[in-house]
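As written, the chain order gives the labels A, B, C and D, with residue 1 at the start of each chain.
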Amino acid sequence: MLKWLQEKYHAQIYTFTADLGQEFADPSRFKQIEDKAKQLGAIKHFTVDLKEKFVNEYVFPTIKANGLYQGIYPLSTAIGRPLIAIEAVKIAQKEGIEVLAHGCTGKGNDQIRINTTAQAYAPEMEILQPLIEWNMGRDEEIKYAQQHNIPISNQNKKYSVDENLFGRSAECDILEQPDIEPPEDSKEWTVPPEEAPNNPEYITINFKEGIPIGINDQPMEGVELIKRIHDIGCKHGIGRIEHMEDRAIGLKSRETYEIPAALILIKAHKDLEKYVCTKHENSFKSLIDQRWTELVYDGLWVDPLRDALEAFINEINIKVAGSVSMKLFKGSAEVIARKSPYGIYDLNLATYETKSSFNQKYSYGFIPLWGLQSRMGFIAKKKANENKQ
Amino acid sequence: MLKWLQEKYHAQIYTFTADLGQEFADPSRFKQIEDKAKQLGAIKHFTVDLKEKFVNEYVFPTIKANGLYQGIYPLSTAIGRPLIAIEAVKIAQKEGIEVLAHGCTGKGNDQIRINTTAQAYAPEMEILQPLIEWNMGRDEEIKYAQQHNIPISNQNKKYSVDENLFGRSAECDILEQPDIEPPEDSKEWTVPPEEAPNNPEYITINFKEGIPIGINDQPMEGVELIKRIHDIGCKHGIGRIEHMEDRAIGLKSRETYEIPAALILIKAHKDLEKYVCTKHENSFKSLIDQRWTELVYDGLWVDPLRDALEAFINEINIKVAGSVSMKLFKGSAEVIARKSPYGIYDLNLATYETKSSFNQKYSYGFIPLWGLQSRMGFIAKKKANENKQ
Amino acid sequence: MLKWLQEKYHAQIYTFTADLGQEFADPSRFKQIEDKAKQLGAIKHFTVDLKEKFVNEYVFPTIKANGLYQGIYPLSTAIGRPLIAIEAVKIAQKEGIEVLAHGCTGKGNDQIRINTTAQAYAPEMEILQPLIEWNMGRDEEIKYAQQHNIPISNQNKKYSVDENLFGRSAECDILEQPDIEPPEDSKEWTVPPEEAPNNPEYITINFKEGIPIGINDQPMEGVELIKRIHDIGCKHGIGRIEHMEDRAIGLKSRETYEIPAALILIKAHKDLEKYVCTKHENSFKSLIDQRWTELVYDGLWVDPLRDALEAFINEINIKVAGSVSMKLFKGSAEVIARKSPYGIYDLNLATYETKSSFNQKYSYGFIPLWGLQSRMGFIAKKKANENKQ
Amino acid sequence: MLKWLQEKYHAQIYTFTADLGQEFADPSRFKQIEDKAKQLGAIKHFTVDLKEKFVNEYVFPTIKANGLYQGIYPLSTAIGRPLIAIEAVKIAQKEGIEVLAHGCTGKGNDQIRINTTAQAYAPEMEILQPLIEWNMGRDEEIKYAQQHNIPISNQNKKYSVDENLFGRSAECDILEQPDIEPPEDSKEWTVPPEEAPNNPEYITINFKEGIPIGINDQPMEGVELIKRIHDIGCKHGIGRIEHMEDRAIGLKSRETYEIPAALILIKAHKDLEKYVCTKHENSFKSLIDQRWTELVYDGLWVDPLRDALEAFINEINIKVAGSVSMKLFKGSAEVIARKSPYGIYDLNLATYETKSSFNQKYSYGFIPLWGLQSRMGFIAKKKANENKQ
């Protein structure tokens, strides 16, 4: 793309890599990227460490929103895009750059996420999507690279992959067949459950105001904490997901993910939140969560609706404090216990033991009124059905 | 209760046991129950096999509604209660019985479910809840039994248990402590994941109009199919659930469940449904499912809202046909592939290969309009925020 | 457009006018349209009377859904578009026509409604939007007409208007200024409230299964009934609406409407529906109605979600039978009374007279449980807030 | 009640009247109430002016939530109850009072609202409902009063009325007949539309952060502003409402209201809010508003869900600034124009004039993707339907 932009537009190119933790395993990769960019003619290259910002302003809100798109996908890529777009715009504005080019195809969600965010922050900025413009197939792209002496290390890579510290996605090739199990080679982070340890591991995650602040009562900063949960999850084969996903653009696509930290943290958060919230809060929060998740998935991070949803979410999360214990074992991560100073639970009321302070005769008044209209409605409906026939 | 009712009200007692598959393991138990009832003075005892009715009219609608209360509990007990109430009323009306007595406490959901249903079907029927009336503790109950020569087989049973073919619940005793892992002795159906087979098992479940109709392409009737899934699930330690639950009555309570068949079937159904529905259907169906689930959980089975929700659900499920493959392994059950003649998926459109028939340039028109108001809203909000400060 | 298409594409043009009741006042207009089409070179012209179909399959479902977009606009134009598209496709397929051209601009909702419906019914059909293609301003259009001897009767018409028997919309010109009251000349159907009769008029509308079937207990067919309500409404200045509307395409626009029949019928229906439904139905139905309304407004008539929403709506409406009385007076239409065999209302229960059969002591059990979690939640939240500071 | 409590419980009675503006017309009434209380034996009487608190902390949130229960009732009484309960508790705690007695029957919503709020603030407080206890009919009550020399000014008053500055409700007697128009003598505030001025009146209401702050650009404090709107509304016969309402307790009841200020202010607010919000905000805000309204109506003011909903609502309302113009005429109040610095409206984009900066060709990309899944879904559904038959 770098070469092609120079050739086609005689443009001066500035390149930008956002560090969202995608190279947890090997941070030296960023240097290689920079070297390659310069070698191919980039005027200047920017590598910006956004890990902390990403965790605090994007990952934590996702946890507080129990953000699983269609009940499954924790938005790992979706929340990375607006941050990348905002930082790219910042650099562009500082350097006097007028056009933003990115490598998204015309079929995915990420182009929506990047373009919409970038143009909200910089309405005057022009955006270019070379992959749509050049319309080359993979073969042609490889040929183009060879003709232009562009080193391509992943020439044979089968899958299209995106990674950051909150998740890894893989698509393309055989994964596009929804009736075939995703092959093991599409996974890179997690061990197969079959090869995970034969003994379960228990961990306790500590929360304050809806945010994970420690593991096993050891306080920990956000990036570090996520890395630790990530490592434990990978070891036990947690968060290997496949599903058919409805893209904003209208297509369904088969996606596969590895999301160990996201899955563990969202499960833990959800459990604790449910414990400290009233049933009214719990029931309605799930609508809020779904709306937040769809909005963010759909690339509308900048919509002020997000601010309002987060105001709701943050208010709810004031009391999400305490700890949640989970058992990790061969691919499954289950909550087994929780504790909170704000749990809406009173053993004396709830217990079935005789000592309970709960007055069971309340039922005699509660049930007749609770069901009153439903019973009347049942009878009216029966009559209506009879008259219909 | 039988004795107590005779003593206190000089009443003639008819007893009724509904067979909802709770004794899958040992159907001869029903005979023992009948014998005991008669021995204790029951005029007449009714054991009614409701398994087929339960599966067709209660379990299948739950599957079609992806009915997991608070995302977790598949309503197994909740859907059994209205059926029991309706059948009890039928017997009562036939036998000229005027009062219905049942063994629910005054703290749970089941009293709401039974009373509300029974009184919708028979508004004139009086309902008696001896456990509220006598207000004895467990010790006193045991003493009462001994004094009246009532054999009590489970005198030492720690937990209060309910079972039917769709699930098993256990509560009381140590389970009332939300910060302690439920002990193994609260489980009776499933093996611990640690003792499950070392090799995964793959099964394919066939669906038609939202209903499971076969396993591995072998057609099967409802009761039989659920029993088979149940057995496979138990073997692999699937569906061992604990959670803090919001009761209709207002209390939170710690519940534990074993729901192998329910979990497997709902997961499979949900996946297939998502595959054949548009994103608009998928997004809205989750609200419908939540409302259906809460209504049924809350004991309002008779409310005509259920009819309307089910009309929606059934219309959606017309196209839920095909099959879903799952991998079961040491406590986890994951969907890995699905097939349907009505899948809204066109590989030619979705593929990232060059041959795709998808016109990527559509993005140039789609994205600016898709994000238009969000971008304008972002700018207006920024201005409002600035003026606020 | 007719001329331009012939010139530009050397195409043979078939023209089509759908009679949705827009010329209630003067049906002879359809003949004039046909004559003009032929005179300008149309091979064949089709005028199809769709009034009955429109009322039964589009207007009545809107009434049953209480279809007011953003609480205000009864979808009159929105529900006309899919019907026009379907009928146009039918004609095209019968006549072997390959391209559909229509007069929508690129800024409105109607292009979405027509194109999406047409291409669902006939995926192979090409669609042409000349107004986008030629990109002429109003002046240029008039000039073009004059150069081609095209008679233009409405040369000075200020507003862009759409009409059918369920409503009339006007936009453009001064109406585009949201801070200026729409001038009287933008109305054509209704009298100004100031000039309406000095005495109120009472009407009673009869319903069966959610559909209006008579006025003042006189049975009446759909089209006739709507025309009668329309006339009465116009006389009393009912249904003069202005509002800022969110278009599917992303823009907000200032719209003005005259919707006498729609407003009266939807108000009446909503009142009766509320009377025969339980509070659970009423609360949830409003979500269903909003979703149906947005889906239809957004041009997605063909989405199977509509079928499912309508299954819900129809189930609810089985019991919407009876009559509603309204008072019409100088611009306002208010419900004042209603009657139904299925009203969930029992005077003996509800009355504050002593004779009431309602047991007031139920409150002593109901209120403590009804508010239990809210009270516990209040206390937990207070504690959390204190710890926060 | 005062007498009865002394007789029955030999209790020392403290009496409390909350001034919520119910005697706008004649504040001297409060003195009469106090005199009567003392004369009948009250130890101490408290009249507390809560008008400002009521407006700022209860009325304004209702306006920001567009709080119309079941689309009709602006919660005037519902929001008064928690405030009265909280203030009563404060007095009780200060004076060492142990029991709270109030005059609610056992059939309404207000007992829930008062008891639940009071017991959240003071869990130890006992609550007494004499009207349930004594179970007298109206005749018996009058007789009791006569026997105890209790002056009863309203002996012949037909209706049960509640008033505060945000609305007046009337029920009982002929109003309990849902099929009979409420008689004029049930209204006391507003003129009949027929007798309202023959000329419309235009008013402009100014808003800041969702709160009305002026009329016709004249700044005004809350209580004063509401009083002014109230007077104008009464003069034009605005806000005369009747409807069948679903009570929390389960009953339906026929309620009539006069709500001139509430109706005008909520209509104005809603219009302005819609103008400054994105379509995503607008669509979702209506769910939030409905939930807030139902929660408050249902007496659960103390539930922390309200805090969270209000966090959402307040965030949205940051940008609800500007002014809305309305036309009031013979019973109707219609918005006719609005202005805001944050309106999401750009005439250059929206205009149908040629000068528009909107690129109409975007449609060519937008529509195919916008409708993609719906069209695919339509075809899949058709196939499924065919196979079904």
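Convention: a contact is a pair of C-beta atoms (placed from the backbone, for glycine too) under 8 Å apart; a residue touches a chain by one contact, two chains touch by 3 or more.
Remember, predicted model here, so these are calculated numbers, not experimental data.
Asks: Looking at B-C and C-D, which pair shares more C-beta contacts?
Replies: Output for the comparison: C-D.
Asks: For the interface formed by B-D, which of the candidate pairs A-B, A-C or A-D is equivalent, sharing more than half of the contact pairs by residue number?
Replies: Over half of the B-D contact pairs recur in A-C.
Asks: Please work out the Cα centroid separation of chain B and chain C, and write it as a whole number of Å.
Replies: Spacing between the chain centres: roughly 40 Å.
Asks: Using Cα averages as centroids, what's the distance between chain C and chain D in whole Å?
Replies: So the centroids are 29 Å from each other.
Asks: Where in chain B do residues touch two or more other chains at once?
Replies: In chain B, the residues touching two or more other chains are 246, 249-252, 277-281, 287, 300, 303-305, 307, 319, 343-344, 359, 361-364, 366, 369-371, 373-374, 377, 380-381.
Asks: Treating touching as the only link between chains, describe the layout with one word: line, ring, star, complete or other.
Replies: Shape of the chain contacts: complete, all pairs touching.
Asks: Which residues of chain D touch chain B once you look at their complex with the stated criterion?
Replies: Chain D residues touching chain B: 209, 276-281, 318-319, 321, 341-344, 346, 359, 361-366, 368-370, 373-374, 376-377, 380-381, 383-385, 387-388.
Asks: Quick check: in the complex, which residue numbers of chain A touch chain D?
Replies: Against chain D, the touching part of chain A is residues 246, 249-252, 277-278, 280-281, 284-285, 287-288, 291, 295, 300, 303-305, 307-316, 319, 369-373.
Asks: In the complex, go through chain B and note every residue touching chain A.
Replies: Checking each residue of chain B against chain A gives 70-71, 105-107, 111-112, 115-116, 119-120, 123, 129, 131-132, 135-140, 160, 171-172, 176-182, 193-194, 198-200, 240, 242-244, 246, 248-254, 270-271, 274-275, 278-279, 282-283, 286-287, 290, 294, 298-300, 302-305, 307, 325, 327, 329-332, 334-339, 343-345, 347, 349-356, 358-364, 366-367, 370-371, 373-375, 377-381.
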